[in-house]
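The following pair of complexes shares a single chain, subunit A, combined with subunit B in the former and subunit C in the latter.
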Partner chain A sequence: MGICLPNPGEAHINGVIVPEEKAYEEAAKQFLMAKVPTIFPGPLVLWAWNEKAAKKATAVRHLYNTLKECVQPGQTPMLIPMPDYRPKYPKINPEVEINPNHPNLTIWHNKIDCCMFIGVHCHQANLALKIIRGGTSCYTIAMCAQAGHEDAMLSFRDASVEKIMKLAEWVKKLKGTVKPRLTSAKSGASN
Partner chain B sequence: MSKERIKISEDLYDIMPSDYQDLVKSATYGKEDRGWKDIGNSKELIEQHSLCAGCPESMAFRYILASLPNPEDTVMVGSTGCTSLVFPMVAVHNIHSLFGNQNAIASGLKRALSVRFPGRTKDVVVLAGDGATVDIGLDMTLQAWFRQEKFTTICFDNELYANTGGQESGLMQKGFVAKMAPVGKLFDKVRLPEIARESGCHYVVQCTVSKPSLIEKVIKNAVMIAREIGPTYLQLYTPCILEIGKNSMEGLQEMRDSEKPTERFAYKEYISEPAKQLLAEMAAKDKEKKAAAKQLAAQGA
Partner chain C sequence: MADTHSVIGTKNKKGQTFTDTWKMMNEAPRTPSFYTGSEVIKEALRRASCDVMIAYPITPQSEAAALIGELFAEGYIGDYFRGESEFAVMSQCAGAAFGGARVFTTTAGPGTMRAMENFPMWSGARLPIQMIVTCRGINSPLSIQPDTLEIAYLLNTGMLVWHAETAQDFFDWILMGYMVSEEPDVHLPLALCCDGFFVTHTKDVVNLTPADMCLPPYDPYRSPVPCMDMECPPVRMMRDPFVMKSNYISYATHASWQQEVWAAVERSRKHTIKWLNGLIETENTDAEVIIVASGTAVSQGREAIRLLEDEGIRCGLVKVKVLRPWPGEEIREATKNAKHIIVPEFNVTGWLAKEIKATIPNSERVHAGPRVCGGMTMPPEIIVSEIKTLLGMTTVSMATRG
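So, the complex of A and B:
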């Protein structure tokens, strides 16, 4: 049994197709609940290879700033780049840079319990999301520019500047209404 | 040809690791007279690599990457072997091909690039070990040359299969005993430079990588001739210090010893008539440019 990908205007949450609006709400909730809500921007937004990419980068920064404004003391939002897909051996610092072949290291090192991928090419996002899903308890969100990611726990499709901004609005809207997971014994990623 | 296409999004610049920031700030993409002298003054197109300490392949990589005339519009094609440990650290587009297939991949790639980007110069450069070039990939190597495919083939000749522990290769010297070839090589080193010439390569050089200025010259010639005329081939001696029992510091001396006029890596060069003509035209243009610059400087003074 596989997961059907959403049609335009829809998203999926744990494999169940939902109206996009429901996914904004859930993603914002997950971010606000997390101890270390994290955005992983990939090459498609880190590099200003066209005007749209640069605008998306601005929107990503806005979402990160919004997260910082809306979380409570003890919650630490992070913005960690995935600059390219090369296995950067022998040395990579997984705390400051995510390697798609070992995303679990970045999750473990920073105790990330909710993350969102944006601007990562499909094949690498699929790989990284699978590894995170298999080896950690981190909640994964994909702000996918194509048809959505079956390997993310929550996936949007057709990502755009507007959608990133809308997610930021939802975070603002739910500010103070969600109880963070700060006290739970098993908070953060596990291995 | 510039850094126009290599820009970090402003709003995420601060989170980019410094190696990428440095590439954008001070790498020599788009610099017309880029060459080995930029090493030390600008960001190199190679990061850390996982070759053995002192491996001459790392020197070769540095000189080649500093000398490519058009790195932002170059695609390199690699193959399995010690070279493939380096490619992930290289800031030039590159494709890893199945062992031996590199010249077939490069043929398709070069053709596809000229269809996809008709108005833009795109160079393709194959870089593979001797096992990949001369043994398992010989068919693909030769067929690309027969077909006059317009790309450069570089072979890092370390005279054995280094990455898998020292098996015999066609480019190994006669009589050589390697860790995994205890009987000793029974036949002569394959004369690939001569075969390349007979197979239609327009520029063929065999040398060591002991002199960066020489590598700059042959790389530039090979890429320009491949771009305009047809296949070119460089066979560079990059001794596997591990397999020949040398220390990290001894690679350079090994190359110097092997390039003496009577030795097997004495400088060897073949240039076809059309390639000679192109090089002469390039030299004339270069001279004109330098004269114009001199005149301009004199007027300004």
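So, the complex of A and C:
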């Protein structure tokens, strides 16, 4: 609590308001440093409920493909959907989905050390981000279509197709310039 | 995806123009009008592009609720009906808001208390319902008179809570309130409180925005939670297991959910400051004596300050406009020079004084009074008398006022 969210044209990194451009660079670095950089697309982009959503989904897929092209051997980019928000009992299958009520299970199972939420309703994204922050050491990025998320370590606001594509461009631009954390003792994620 | 900006400049079915709210509230011409507080509620609603208003009679909000019924008959409100009780009204408000409607209701005193279970539910479900609370006594034996005790119960519901002093506050804040509570990073219900009768049933000059301008409609696609539909009804959140399980994941989810509601209250701070020009208003904060009050106790404080000035005693004023989010930092700053902080209140427990004591350093500076309740008025002379007593000056007894 207490972090001011960015205004249009801004983002935040660890609660500090920064120009959006700086956030692209940092997000791309975090993706390229991670052993398991992961995108979590939510219902707002998973379902083609309007034209904009379909275009965003294509952009998300492009970002994922770019990540796969730009990482080094030993890094494993993932694309794991959050298809809905209902709690999954008796047990979630953490290999194929993530859920806002117990997102840490998916983080732990796949040893995800950097993730980005996109297309998740803000309330549900904040629930998940709080639990991830409290129970893992995973670096969290929010590509939010509204006002941004203080519970993410890095948050964009007003997400659009253009912004997703721009992040992909930054990943491409920084390819080979960032040293991956492949040898870290705990491989990022912890429990 | 819906885009409210696209409707700016177009007309609704009543011929009102959907207007940029900032321009409407800050740049449009205002017409002075002599209205009761209840009539002002109606006039604000006329301009609010409200989809649903649900009513139930309880003094002193009944008149406002009935007047909004007239608005419905005139075609300014999408739907309007009477619930079976206050509890039913607040539940029905939830249903309408779940469905993506801009919702308005009014209540008071025992009605607020009867419906209480719904308010944390509204907050938890992130429903930006606006509820006018025309405060009155809640105790037995029955009292319909002004008394602000019910506000104390609303403070921990996760709702935004504002306390209007005047009918002008009411008019402006009803319209601005929707702008704050419908922000996607806030998206919480607003309890817009006033002191019953003092504000609702007295006439005052209120500067109204043009009646042919109205707020842009609510855009449910900006909601931080999905709107209700029959494929994903909210009841699944209640019925499905996480609330029913006794395990760590269940507790963590609930904890995270509650933290998110209160984080949203905090996030409203930025928007509220923008629209209300601050959470508090101050005058003469370099004075040694400062009155800190909310609601009509502010008006009585102003009169007391005028009387004290006549006797050469300088006194400052802090008008607390917003109770949630709590303006702790602002109050600390405004009272940093004060040796005596006087908190006049229209309730028996002194909830505002308690909040202030918990906020500022050297809280022994806070004098929790004078307090009146049960409908008693608070003559400014009582405030003057208490201040003079605190300053070690002799005062005239108030016992013979009758």
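Following the convention adopted for this analysis, the second predicted complex is superposed on the first by the 189 of 191 C-alpha atoms of A that agree within 3 Å, B and C clash if a C-alpha of one lies under 4 Å from a C-alpha of the other, contacts with A are read in each partner's own complex, and residues count from 1 in each chain.
Throughout what follows, contacts are C-beta pairs under 8 Å (C-beta built on N, C-alpha and C of every residue); 3 or more make two chains touch, one makes a residue touch a chain.
Just so you know, these numbers come straight off a predicted model, no measurement behind them.
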| item | value |
| --- | --- |
| Which of subunit B and subunit C A:Q146 touches, first, second, both or neither | second |
| First, second, both or neither for A:P180, with subunit B first and subunit C second | neither |
| Touching partner for A:L5 - first (subunit B), second (subunit C), both, neither | second |
| Which of subunit B and subunit C A:C122 touches, first, second, both or neither | second |
| Touching partner for A:G15 - first (subunit B), second (subunit C), both, neither | neither |
| Contacts of A:N101 with subunit B and subunit C, given as first, second, both or neither | second |
| Partner chain(s) touched by A:A48 [first = subunit B, second = subunit C, both, neither] | first |
| Which of subunit B and subunit C A:P87 touches, first, second, both or neither | both |
| Subunit B and subunit C contact sites that coincide on subunit A, given as residue numbers | 53, 86-87, 89 |
| List of subunit A residues in touch with subunit C within their complex | 1-2, 4-5, 43, 50, 52-53, 84-87, 89, 101-102, 105, 121-124, 126-127, 130-131, 134-135, 146-148, 150-151 |
| Complex interface listing, subunit B residues touching subunit A | 5-12, 15-17, 20, 47-48, 50, 85, 88-89 |
| Of subunit C, residues touching subunit A in the complex | 1, 126, 183-185, 187, 222-226, 232, 236-237, 240-242, 245, 249, 252-253, 256-257, 259-260, 262-263, 266-267, 270 |
| Residue numbers on subunit A that touch subunit B, as the complex places them | 41, 45-49, 53-54, 56-58, 60-61, 79-81, 83, 86-91, 93, 96-97 |
